[in-house]
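Before any comments, here is the structure.
Labels run A, B, C and D following the written order; every chain starts at residue 1.
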Amino acid sequence: MRVKLLAHTPEPDNLVAAAARLCYSGADIATIKMRLQGDKAASMVAKLLALGHESPLEHVSFTFGIEGVSRALSHQLVRHRMASYSQQSQRYVAEEDFEFITPPTIADSAEAGREFLAAIGAIRRAYSSLLLHVPAEDARYVLPNACATKLVATLNARSLYNFFALRCCRRAQWEIRALAWEMLRLVRDVAPHVFDQAGPGCLSVHGCSEGQMSCGSPYSKSELDGGKDEPDRRA
Amino acid sequence: MRVKLLAHTPEPDNLVAAAARLCYSGADIATIKMRLQGDKAASMVAKLLALGHESPLEHVSFTFGIEGVSRALSHQLVRHRMASYSQQSQRYVAEEDFEFITPPTIADSAEAGREFLAAIGAIRRAYSSLLLHVPAEDARYVLPNACATKLVATLNARSLYNFFALRCCRRAQWEIRALAWEMLRLVRDVAPHVFDQAGPGCLSVHGCSEGQMSCGSPYSKSELDGGKDEPDRRA
Amino acid sequence: MRVKLLAHTPEPDNLVAAAARLCYSGADIATIKMRLQGDKAASMVAKLLALGHESPLEHVSFTFGIEGVSRALSHQLVRHRMASYSQQSQRYVAEEDFEFITPPTIADSAEAGREFLAAIGAIRRAYSSLLLHVPAEDARYVLPNACATKLVATLNARSLYNFFALRCCRRAQWEIRALAWEMLRLVRDVAPHVFDQAGPGCLSVHGCSEGQMSCGSPYSKSELDGGKDEPDRRA
Amino acid sequence: MRVKLLAHTPEPDNLVAAAARLCYSGADIATIKMRLQGDKAASMVAKLLALGHESPLEHVSFTFGIEGVSRALSHQLVRHRMASYSQQSQRYVAEEDFEFITPPTIADSAEAGREFLAAIGAIRRAYSSLLLHVPAEDARYVLPNACATKLVATLNARSLYNFFALRCCRRAQWEIRALAWEMLRLVRDVAPHVFDQAGPGCLSVHGCSEGQMSCGSPYSKSELDGGKDEPDRRA
């Protein structure tokens, strides 16, 4: 999995703070923006998050380049509708030596690993043969969920809050969970205040939303801040 | 492919007509609704469509049960974000004898057909073996795009107009095109006036949107009305 | 304020239950729907809400006719973007004897009431005079927020949950709060199970979202069920 | 009216071009981005627009500070739902000497101008009196549509295309049309290729969408490019 933050709205903390301030102020926008530099932006954003006033978070958006993830993951990812996607097409791009993603549970089992690799090999051969007879868009019916894909995805900070709450969660599948944690790390680097409360539900203001299906082992705040000590994403 | 219209807003023509009329009338809503029965609703809706005033179409929604379609199709379908989906999960439902979709080009070629069936067989065996070692959510990495899935999908009439324009089009893949034409037939049965201008771009008011990539062979209006004479969906 | 439920997806409990069940079942949709009649639908929906699994709620939508509300209210209402609106236009419908909404605090104060009525009178005269010189779309610049408007609004159950959480809340303005409680009453009549957990944040599963701005006096569940004993909407 | 482009996704042409290219390429994202500098991005974007392939336009967003516009305009503006807004609240910010917007048709008529100013004066006095008795959120019921407001608005390029098509149109009201043309000028400055085909429907690829309600006098391309020679916005 290779994830890169390709672009984002500049100075996100300042912009979110100014938009939030505008709602309750008689001052003009330029004045508000000017006043909300540095620490003042940070404390305005903190106040905003404490109040559950989420709409100003929508003004800043983040664009990710995502490669080496499975089509199983991309099918889950594009279910997040408050987002924009451009994805490599299997209709137009033939993938004779397609890269594939191996689930850790399979990699960790000698027998499962053998079965998996043998199946991938059989699929590759079938796909190449099919390409001799039918268009790529039809040959791809034999390609597996494991097949790697590439996307450009853009989400605003409010939508990312929701994405992180659901997908950083231990109940999310390991692959999209690893992606979510990596995206979280990337945006916290460039917008630490905006994303100060972002993370799995158990670390965000409202708490776990899984109800009776809760995993029972919430992340701790230190895991969020830990960088290297990040939670085991396969758990 | 099995497609059923599970539910829809009752009396869609009347509701769309009343909502449209409201914008330009001083009368109250009950009076407007009462006046817009039968032919009057039909002519109000026709006027609306002629003016390109699409927003009243959003008030009526249509819920489809869709089965026996591939995961290749469902990945395309859920890219339509102005819609609601519930899809059978491959994480929670194991599919040892999964149903699969065979593209017509493969079915029509003896050699491709053989290759395809052999690959599906190999995948099935690998999937069953993997299930002995790993959870279904990981074993499914070996499952193919051809694997059948089930969805409940709800779209309002405005979103359906857009869906039909893009997916009834000859440039759409055969499978989602067949689904789109079937959905179009189902909604035209219950809301003939609302969907009078719906169909592939070439049959709708604005015309083909494919620009230089146009297929060059627009559908004719009679194909839309023809029922049995529907266009060859594999073309 | 006159609010009417103009239309809704038929049998909402059954449809939501079937869509939810589909995600975790290998059975076909017709079988699932058939099995989920009456009490079984109710208990499936209850389970769904307990798990915070909200997406199946999107399959059912509700269309309201709303009249005798102010333009102050409609400006707030249309900020809910997961919804569809048709609103009477002030550009095309002249409103020489426009109906107007009087805030209870103004009605309750003799002096404020007098000031308010005098101002409305002056505005009406100015509007009528302006209509002699300029188009209605420009004359309306003098019309007040109090001016009554009419809308048709359609929201699905998931969006309604969010609308109720924010707008049934004591921190919402009295007028949209009265509208929200009335809409809640109407949908609970036709879809009691689907809306069993709906209401102001303090009565819903996640609790108050106002943080430090909380009103400090949560509604009690009995107020929700009480019908006549509904909370004072001006509080 | 004061409109400022507060922020935007950096290098919009390059990002849109890279996202579009990704769909049809086997190369990795970094390579694609690197290759699409300058003229190459421009020609990729041009190709994209010619094909009506709009989704990559969503990856770049633009944030505007808008001041000195009427509440009549803001009520129209927020009907564009593919957008994010933060607006100065009339509930929390008292407006005793509120700024107001005068429609040109009123300013141009001596009699209408007098009537209008007199009414604004009466409203101001009533508003100040009401503030002595009731909260600002209720006193504001007497405030007119003409009352000035401030917003921060963020839209992506695809949503802006739609906004410009509808609101640069001669059939839009003069005030939001002036706003739309000003926003168009601002984004064409920073993303000339991305917005090369943007403008009123009559100047965009699909043509006028007003059907039988067309104004009959389409803008000419030179008006779009003209800067100073911009169309009379009151027409």
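Just so it is clear, contacts are C-beta pairs under 8 Å (C-beta built on N, C-alpha and C of every residue); 3 or more make two chains touch, one makes a residue touch a chain.
Since this is a predicted model, take the numbers as computed values, not measurements.
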Cα superposition of chain B on its sequence copy chain C - rotation in ° rounded to nearest 5: 180
Same vs different contact residues, chain A with chain D, by half of numbers used: same
Chain A and chain C, separation of their C-alpha mean positions in angstrom: 33
Residues of chain A touching at least two other chains: 85
Residues of chain A defined as touching chain B within the complex: 70-72, 74-75, 78-79, 81, 85, 90-91, 100-103, 105-106, 109, 111-112, 115-116, 118-120, 122-123, 126, 129-130, 133-135, 137-138, 140-146, 173
Contact set on chain A toward chain D in their complex: 2, 4, 6-11, 15, 18-20, 22-26, 28-30, 33, 55-56, 58-61, 63, 65, 67, 84-89, 92-93, 95, 150-152, 154, 156
In the complex, chain D residues that touch chain B: 50-52, 205-207, 209-213
